[in-house]
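One chain, subunit A, links the two complexes that follow: it is found with subunit B in the first and with subunit C in the second.
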Partner chain A sequence: MPGKNWTTQKAALAERIDGGSRFAAGKRVQPGDLCAFFEAVLRPGDRVCLEGDNQKQADLLAQALAELNPTRVNDLHMVQSGIVLPEHLDMFEKGIAKRLDYSYSGPQSARIARMLFSGKIELGAVHTYLELFARYFIDLTPNVALIAAVSADRDGNLYTGPNTEDTPTVVEATSYKSGLVVAQVGEIVERVPRVDIPGDLVHFVVPAGKPFFVEPLFTRDPAAITETQILTAMLAIKGIYAPYRVRRLNHGIGFNTAAIELLLPTYGEKLGLRGQVCTHFALNPHPSLIPAIEAGWVEQIHSFGSEVGMEDYIAARSDVFFTGPDGSLRSNRAFCQTAGLYACDMFIGSTLQIDLAGNSSTVTTSRVAGFGGAPNMGSDPHGRRHPSAPWLQAGKEADDTTPPLLRRGRKLVVQIGESFGAKNEPLFVERLDALSLAEKLNLELAPVMVYADDVTHIVTEEGIANLLLCRDKNEHEQAIRGVAGYTEIGRQRDHKMVERLRARGVIQRPEDLGIDPLDADRNLLAARSMKDLMRASGGLYQPPSRFRNW
Partner chain B sequence: MAIVGVVASGNLEALFERTDDESACRVEVSTAAHGFQPLWEAVLRDFVARGTGGLRISINDGGARPDMVALRLAQGLRLMQDPEA
Partner chain C sequence: MSQAATTTQRRVSWFEATARQRLAALLDPGSFTEFLGPAAREISPHLALFGLPAQFDDGIVIGQAKLGGHEVFAAAQEGRFMGGAFGEVHGAKLVGLLRAAKAASRDAVLLLDTGGVRLQEANAGELAISEIIRAIVDLRAEGNSVIGLIGGRAGCFGGGGIIAGCCTRLIVSEPGRISVSGPEVIETNRGVEEFDSQDRAFVWRTMGGKHRYLTGGADCFVDDDTTAFRAAAIETLAGRTPLTVSVLEAEQARLKARLKRFGAAKDGSEVWQALGVTNPASVPGMDTEEFLNATKAVRESADDAR
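Right, the complex of A and B next:
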């Protein structure tokens, strides 16, 4: 194309940098100048990533952005994994932002639902993390990224500390595609402890004078674990971890999986499973895993993010965690999601609703929580080619006719929970609330967390349903009804068929596995309180104040 | 005789006693939660199908969910069968 200008993006970036430099000293922009600065670097309709991770938040930049005059900056297209702070939605109320593509909205799940219903937000899609990151490099590349780090030097080299999370991915996609990168940092230092983001990718730095906002999301107080949760954990360990010899896995963040973590050093030890299962994790640093780590169960953990209070413990256990030359954790959500997808043989996690086909969802009609890592962790990767014992065994159970050399393995995708959840809501439903939501919002897809064809096992207090062994739709449905307890779904089971499935081992009851109901006791937990966890860590774990009740 | 559980929110206490009548299992439920009779009957029907003749069971319910009720009943039965457990 003769005469075509092939460098418009570089020119636009130069303009943004020129505009922004009027409010900066070198790369440094003072917080008080942020509004003027943003008006100089942002254009209406820009695609903006306001970091917005699962854990850490560029809170100062979010506040400034939400205070802009919508006649100057408007119709922004926000592309960020987390909608966590109120400001993330205030921007839509004011018309500063218009369109949204995101992944997770835990704390804002009720408000985001209201704003979607009222049309305040034009929704692109709710993504899994890895999916949104992938789109950053294809069709959702940010024009501007507003990120958060612990510290910066004068050249803009950034130290992210333990919560690196999404930052490298966001910066890679933005900066190398001629987008502008602005970082808020807790402080500017002479020399950063380690370089997580090279300074030549960062155009401006804002000294916030305080650390970015970060929340403990994975801390489960062992005191709140119930005996039925302990029973489900025993079923999972004896009925799934042991027979499949699951060494590489990811755990969800609910109480059932916390119970599993706390049973490894007690119940798991009794079963002789140390070294045989749970040796390698893609996992955030869950405090409830401390007793198992201390008892020598875990060889290695790669993390999506960090967890407040775990910093010193992690630094002191560098044989287990990935740490930098500065000693602190290096997390990376994109890499860890990839690891969970391709290098783990099992995902096990809780959910809010499971339908008769086995689809599961955490959406209710009044809350759109989005997805965390579960849809990616809880899916069978068709790009996988390396064999492992659990993967091959699951593949064989699903398909006993294809010759072994041509047979795909299967990732174990386990949904675990009590048949009745919080507020006595049944876990098993005729129809997912996600469908009503999709209809109400005119979505082309219902937000399904884990699709039925990916789920291999369902564990409740009533037993384990191995869906790999079901040979038709009817068996599949009755296997689900057969562990659905006293929910409507469970009580409408075909009792004879469920007994036949039990005889074939498709359904296994606690007594079929030799599990003594008397063992379902809180004394079986390796730690029964936050203080126990702290003690187990040798005082290295420092629980956040809200979890300290002593 | 055996006692399992505690009277607490979402939990229950169940007292198990032997009777001379091997053909009957008598269960008394004391609960403040109304409207759950069909659910109690379903849980208890499955429980007595496991062979619980000669037992009298008194339940002091604190609003336990069916999963907790079933667990406590299984624990009590286990203790009656094997008091050393």
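Right, the complex of A and C next:
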């Protein structure tokens, strides 16, 4: 194409930098000048990544962006992991932003649903984290990225600290494709403790004067763990972890998995499983894992993000965690999601609804919470090629006819919960609320967290259903009904068939595993309070104020 | 084995225990005779109207027993049933027990774990609170002691907080909380700027066991451990202080002075600072022995009324 200009993006970036420089001293932009600065660097219709996920938030930049004049800056296309702060949605109310591609919206799930219904937001799609990151490099590359770091030096080298999370991915996609990168930092220092993001990728730095906001999302108070949850944890450990010898895994964030973590040094120890299971994790630094780490269970953990209060503990346990030369944790969401997908043999987590086929969802008709990372963790990667014992065994259970050398293994994807969950809502339903929501919003896909064909086991207080061993649709359905307790779904079981499935080991009751439900006692927990966790860490774990009862 | 695992097995947590487990651990083994136990099925006549489940003991266990060889009447509230709240039957059982203690001239031990009055039977509950207060004062006026033990999940709030204030002595552990208005109530009425009920560390700094011990709101601070509660209760029962007008007057003077001294404080830690605690910020993190050593010289003590 003779005469075509092949460097328009570099030219546009130079214009943005020139415009922004009028409000900056070197790379430094004062918070008070952010409004004028943004008007100089943003163009209507820009694709903008405002950094924020389920943990860290570029909160100062979000506030400034939401205060812009929509006649100057409008119709932005937001491409970001999290819709978490009120400002993330205020931008759409005001018309500053129009189109949205995102992944997670926990705390704003009700408001985002209302705005989607009323047409205030033009929705591209709801993604998993890894999917959205992938699209940053293909068809959702940001023009501008607004990111958050702990500190910067005068050249714009950034220290993102324990909560590095999405930042390297966002910067990589934006800066190397001629996009503009603006970072809010807690402080500007002479020399950063370590360089997480090289300064030549960062165009402007805003000293916020305070640390960015971080949500302690992965802290579960052991005091709130119930005996039913302890029973489900015992079932999972003895009925799944032990027979498959699951060493590499990811845990969801519910109380059931927290109970598993706290049972490892007690119940797991009694079963002789130390060193045999749970040695390698793709996992945030869950405080509830401290007793197991201290008891020598865990060899290695790679993390998506950090967890508030765990910083000193992580730094003092660098044999277990990934840490930088400065001593603090280095997390990376994209890498950890990849690790969870390809290098873990099991995902176990809880959900809100499971249907008769085994599809599960955390969506209700009035809340759109998004996906985060669970669908990625909770799926069987067809690109996996390396063997491991649990993967091969699960593959064999699912398919006993294909010759072993040609047989795919299977990732263990376990849903764990009580037949009646929070507010006595049944876990098992005829039809997912996600379907009604998809109809209401005219979506082409219902927001399913884990698809039926990925789920291998369901654990409730009534027992374990091994769906790998089901040979037809009817068996599959009865196996689910067979652990659905006194829910409508459970009561409509075919009792004879359920007994046949039990005889084949497809369904295992607590007594089949030699577990007495009366042994499910809180005394089995290696820590029963936040203070126990702090003590177990030798005082290194400092629980956030809202989790303390002292 | 990790330290946490072995600690859990050794210690029986008062906070974790049920009302019946607490009584079993507190009292001399085999000495407890229950009055109006679950077999009597004296259930709340009100809860069914609200579609709420009842309990056969209405959430309180009462009876007589020995404690360190000493004959006592004992009551334990079950914090897991209706938040240990006072309803008609629940309250009447405690009133009856205190009156029986007076008739028998016995000391009483109250294992309080309550959010206050049960909203579903508020009138009966409020009446019960006043009757309990009167019964405690009558019992104490005869020279008997009423010991309150507080360290349960529900804390000791509402009318329960007032009852605690009428006891001869209070034994408290760190997770125990004593107050009349609870954190959410204060926040609702006075705003989050006045009191952030979600800030749990702040809640404990202003109504938790350590704070109450430091300001004389409780007399004895023990580990969250049934054995520690038992030892403290036996030791406390050995003392004997009749309730007289001069005791009340002395306490009134102390409370006036306290208000003057600490009235402007916005946070428990400011009170500790004013008391002369060195490094108040470290108080919440201290274990029991360290805490008692660091504060015994500066804490306020009550004048046998509070």
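Throughout what follows, the second predicted complex is superposed on the first by the 550 of 550 C-alpha atoms of A that agree within 3 Å, B and C clash if a C-alpha of one lies under 4 Å from a C-alpha of the other, contacts with A are read in each partner's own complex, and residues count from 1 in each chain.
The rule is short, and it goes like this: contacts are C-beta pairs under 8 Å (C-beta built on N, C-alpha and C of every residue); 3 or more make two chains touch, one makes a residue touch a chain.
Note that this is a predicted model, so its numbers are computed, not measured.
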| item | value |
| --- | --- |
| Partner chain(s) touched by A:Y486 [first = subunit B, second = subunit C, both, neither] | first |
| Partner chain in contact with A:E461 - subunit B first, subunit C second, else both or neither | first |
| Contacts of A:S545 with subunit B and subunit C, given as first, second, both or neither | second |
| Contacts of A:A536 with subunit B and subunit C, given as first, second, both or neither | second |
| First (subunit B), second (subunit C), both or neither touched by A:T228 | first |
| First, second, both or neither for A:T338, with subunit B first and subunit C second | neither |
| Partner chain in contact with A:R528 - subunit B first, subunit C second, else both or neither | second |
| Partner touching more residues of subunit A, whether subunit B or subunit C | C |
| Touched partner set for A:A520, first subunit B, second subunit C, both or neither | first |
| Contacts of A:Q63 with subunit B and subunit C, given as first, second, both or neither | neither |
| Subunit A positions touched by subunit B in one structure and by subunit C in the second | none |
| Subunit B to subunit A touching residues, read off their complex | 10, 39, 42-43, 65-68, 70-71, 74-75, 78-79, 85 |
| Subunit C partner contacts - residues on subunit A that touch it in the complex | 223, 265-266, 269, 290-291, 294-295, 522-523, 525-529, 531-533, 535-536, 539, 545-550 |
| Residue ranges of subunit C touching subunit A (in the complex, touch as defined) | 1-5, 7-9, 13, 15-16, 153, 174-175, 198-204, 208, 210, 284-285 |
| Residue ranges of subunit A touching subunit B (in the complex, touch as defined) | 226-228, 231, 418-420, 424, 460-462, 485-486, 491, 510, 516-518, 520 |
